[in-house]
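Structure record follows, encoded as structure tokens.
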Amino acid sequence: MAKNLQEMRQRVCLANQSLPQHGLVKFTWGNVSEVCRDLGMIVIKPSGVDYDQLTPENMVVTDLDGNVLEGDLNPSSDLPTHVQLYKAWPEVGGIVHTHSTEAVGWAQAGRDIPFYGTTHADYFYGPIPCARSLTAEEVEQAYEKETGAVIIEEFARRKLDPMSVPGIVVRNHGPFSWGKTPEQAVYHSVVLEEVAKMDRFTEEINPKVESAPNYIMEKHYSRKHGPNAYYGQKGQVH
Amino acid sequence: MAKNLQEMRQRVCLANQSLPQHGLVKFTWGNVSEVCRDLGMIVIKPSGVDYDQLTPENMVVTDLDGNVLEGDLNPSSDLPTHVQLYKAWPEVGGIVHTHSTEAVGWAQAGRDIPFYGTTHADYFYGPIPCARSLTAEEVEQAYEKETGAVIIEEFARRKLDPMSVPGIVVRNHGPFSWGKTPEQAVYHSVVLEEVAKMDRFTEEINPKVESAPNYIMEKHYSRKHGPNAYYGQKGQVH
Amino acid sequence: MAKNLQEMRQRVCLANQSLPQHGLVKFTWGNVSEVCRDLGMIVIKPSGVDYDQLTPENMVVTDLDGNVLEGDLNPSSDLPTHVQLYKAWPEVGGIVHTHSTEAVGWAQAGRDIPFYGTTHADYFYGPIPCARSLTAEEVEQAYEKETGAVIIEEFARRKLDPMSVPGIVVRNHGPFSWGKTPEQAVYHSVVLEEVAKMDRFTEEINPKVESAPNYIMEKHYSRKHGPNAYYGQKGQVH
Amino acid sequence: MAKNLQEMRQRVCLANQSLPQHGLVKFTWGNVSEVCRDLGMIVIKPSGVDYDQLTPENMVVTDLDGNVLEGDLNPSSDLPTHVQLYKAWPEVGGIVHTHSTEAVGWAQAGRDIPFYGTTHADYFYGPIPCARSLTAEEVEQAYEKETGAVIIEEFARRKLDPMSVPGIVVRNHGPFSWGKTPEQAVYHSVVLEEVAKMDRFTEEINPKVESAPNYIMEKHYSRKHGPNAYYGQKGQVH
């Protein structure tokens, strides 16, 4: 168990440090966590600490309710959002939140990121949803926890599978993404940001553009996912 | 006192050198200063000198009216603007002026940078104002000094607290930002530039977008500022 | 022959590694191949392998129908598209496929990239076509092979010479480019991406812009191509 | 004289190599030259050679009519344009041509780059003109020479001083800039590209924006130029 936790600390540290390498964050504006339900533990970035100051040792370890078990530093203030998503979605193993610029553009505009092409379909099965803003009451009560609740509500309302649509933008706020692992969650953050940019360009070039055909989504998503996937090498996780 | 001044020189030198690292300037198009009211001194970048030629020793030291006390080089030509702001706003300890591209876009467009989301609210309490252009008379008389006067006038007219709205764009010109320290003033320059970009994207994606709810601004601003702040670690300055 | 194949492996490896250096790909989202019709061989990137993991040795070698001859790894899933183009166009020696952002913008918008200036005319004789989306039947039957067929069909329908218009965007998907060699195919990918960006800017600045005059296209294309070319040094391939 | 020529070779080599460092060129898409009227010589980049292959020794030396005096390589194909400008404008000492993306956007759009703010006014006294496209006859006769003629014609028609407006975009083509030295010509290329970007943003943010007041142009231009300049340090060239 000690070994597993140490590996979690290393993975979460590396995943956090990859955020600036992918151009997704400025200063300390993003965080990655990993959950291990067997250990009953979440490992997450400490709040407000620069990425180049992160080490496996200064990651914060909490229980599945977000109570700090190990670490002298405060956990990311977004921890309660992560906790809600881990509780609701048992297949999710890692979560990322950033303020990446293109994704924030859609979040602030209050629009779903449309399905216009195969780059999108390779990783997201359908439009990337934009969740509603929190109400004044939700903000007042437990802001970060309610952010998680709003995301879960949006997926339930639209009957979406979080493993097929591994990300969302929250209105007036920014993107969250997830995956089986923290590495995959970061990968999905990069895809979400890139698709957000491609779609902005697309609408600029053709303001009357419509969604791409559904059968292209089916094909591209199933090239990389599910029993008949044939992209990449055997045993690779996409 | 000699020690304090030497530390000011070092801080101001480093803060100026951070401008190109943050992508905020080309050539010599930006300057940072720090004031120490106890010493009665301002330290500022020399005019027209490349950032990689800056040393603590070639920073220019002036009194609180901008008269050069130490240094063989001319101070930044924007010094009189800095002087006006330091005189008007006793809590300001550092000031930055750049021609960063996205912020200049709003300045040239003559528009406030709207409040559309949480990235903005984390650092700016309300829209980032666009001050009016100077009149022909103001330009003729004392251009840089009057630029400061116009900024102060704009804050007074709107009844804004410069510590809650730590930046502005001046019409047809560009951004100014400030903070308790030169480091914080640079931080606010980066935020201003990033929010300017996010907001350009937002309006492109949704031309009918409206401001985000005020209660989100209240919440996000107070997460990082004031007696109940809980972002980051104890004792950190945001 | 062994020597030639080894050189092909090296060229294809280097050409693939140049894609991220030119900013054309994220993760593993692009592939380059080379054909040698004398050897009866195609060399192509392995599927889903990071560019910094590529070596001449792990390139995949296939016959001219795309059957793997050498290599333990799966070839790029886009191989059947490459095969079709090599079969149809005997002068093509190298092919590139990416999801480069600006080109995808036009592909998703479903529009040809217009001829607006000399940067375009230096390498593409006329607009860069946008091919139609595949039908549901084509996607179902043999997606990647049919993608090649649709590209060939588009060139036939418009009576275009693939050596004069060395690239295309496929609707809802992204760009393909080619050349006499893999290096030249990569070069054309860079041009296609850059022209896509220039043209987006152009229409933003002047929504009523029209195509540039044909005689400018004639002149610029012939400066670099054909018997009277005078750009560059003698013996250079453009 | 040999010493002067060697220094010219070095300056021109360095100035050419600075183009990719400033992000103004891809591949070999730009060239810088210097003239010395006393020596009766022009030094210019060889055509189609990569910037990292440039040395002072492989620069091409020509007479004032563009006849090669020294060098085994062909000069830049744009040399006749440079020759025309040097002949028409005796104060010009260095010239740059690139296909930089933002400037090409305005060239392809066929529009002057408007005067919207102080960044522009610091270096360009008034809008940056867009010259007309060449006619079919001009293209046929002597394309590059006529490009120079069209630029000169545009300045004459508008009664502009090339030392106060040190650049232009040629319709359907791209930017040319110049200065007293090749270094200054490169500097003006960077400014032109940056102002082109700022102005694109400005019109996006406010489609009804109008030119900035003339008195701001007067003030900012004269801060850096002429007998009462006070920006920078004594003896600096801007």
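Per-chain residue numbering starts at 1, and chain names A, B, C and D are given in the order in which the chains are listed.
Assume a residue touches a chain if its C-beta (ideal position, glycine included) is under 8 Å from a C-beta of that chain, and two chains touch if they have at least 3 such contacts.
By chain, UniProt protein names: A, B, C, D = L-ribulose-5-phosphate 4-epimerase.
These numbers come from a predicted model, not from an experiment.
Note: the chain lying farthest from subunit A is D, by mean C-alpha position. In summary, the pair subunit A and subunit B forms a contact in which the copies contribute largely different residue numbers, shared numbers making up under half of all those used. The angle of the rotation carrying subunit B onto subunit D, fitted on C-alpha atoms and rounded to the nearest 5, is 90°. Distance from the subunit A centre to the subunit B centre is 33 Å, each centre being the mean of its Cα atoms. Centre to centre, using the average C-alpha position, subunit A and subunit D are separated by 47 Å. Multi-chain contact residues of subunit B, defined as those touching 2 or more other chains: 203-204. Contacting chain pairs in the structure are A-B, A-C, B-D, C-D.
Residue ranges of subunit C in contact with subunit A, taken from their complex: 26-29, 46-49, 73-74, 77, 99, 101-102, 104-111, 133-134, 136, 139-140, 143, 172-174, 200, 203-204.
Interface of subunit C with subunit D (complex): residues 116-119, 187, 190, 194, 197-199, 201-206, 209, 212-213, 215-216, 219, 223, 230-234, 236, 238.
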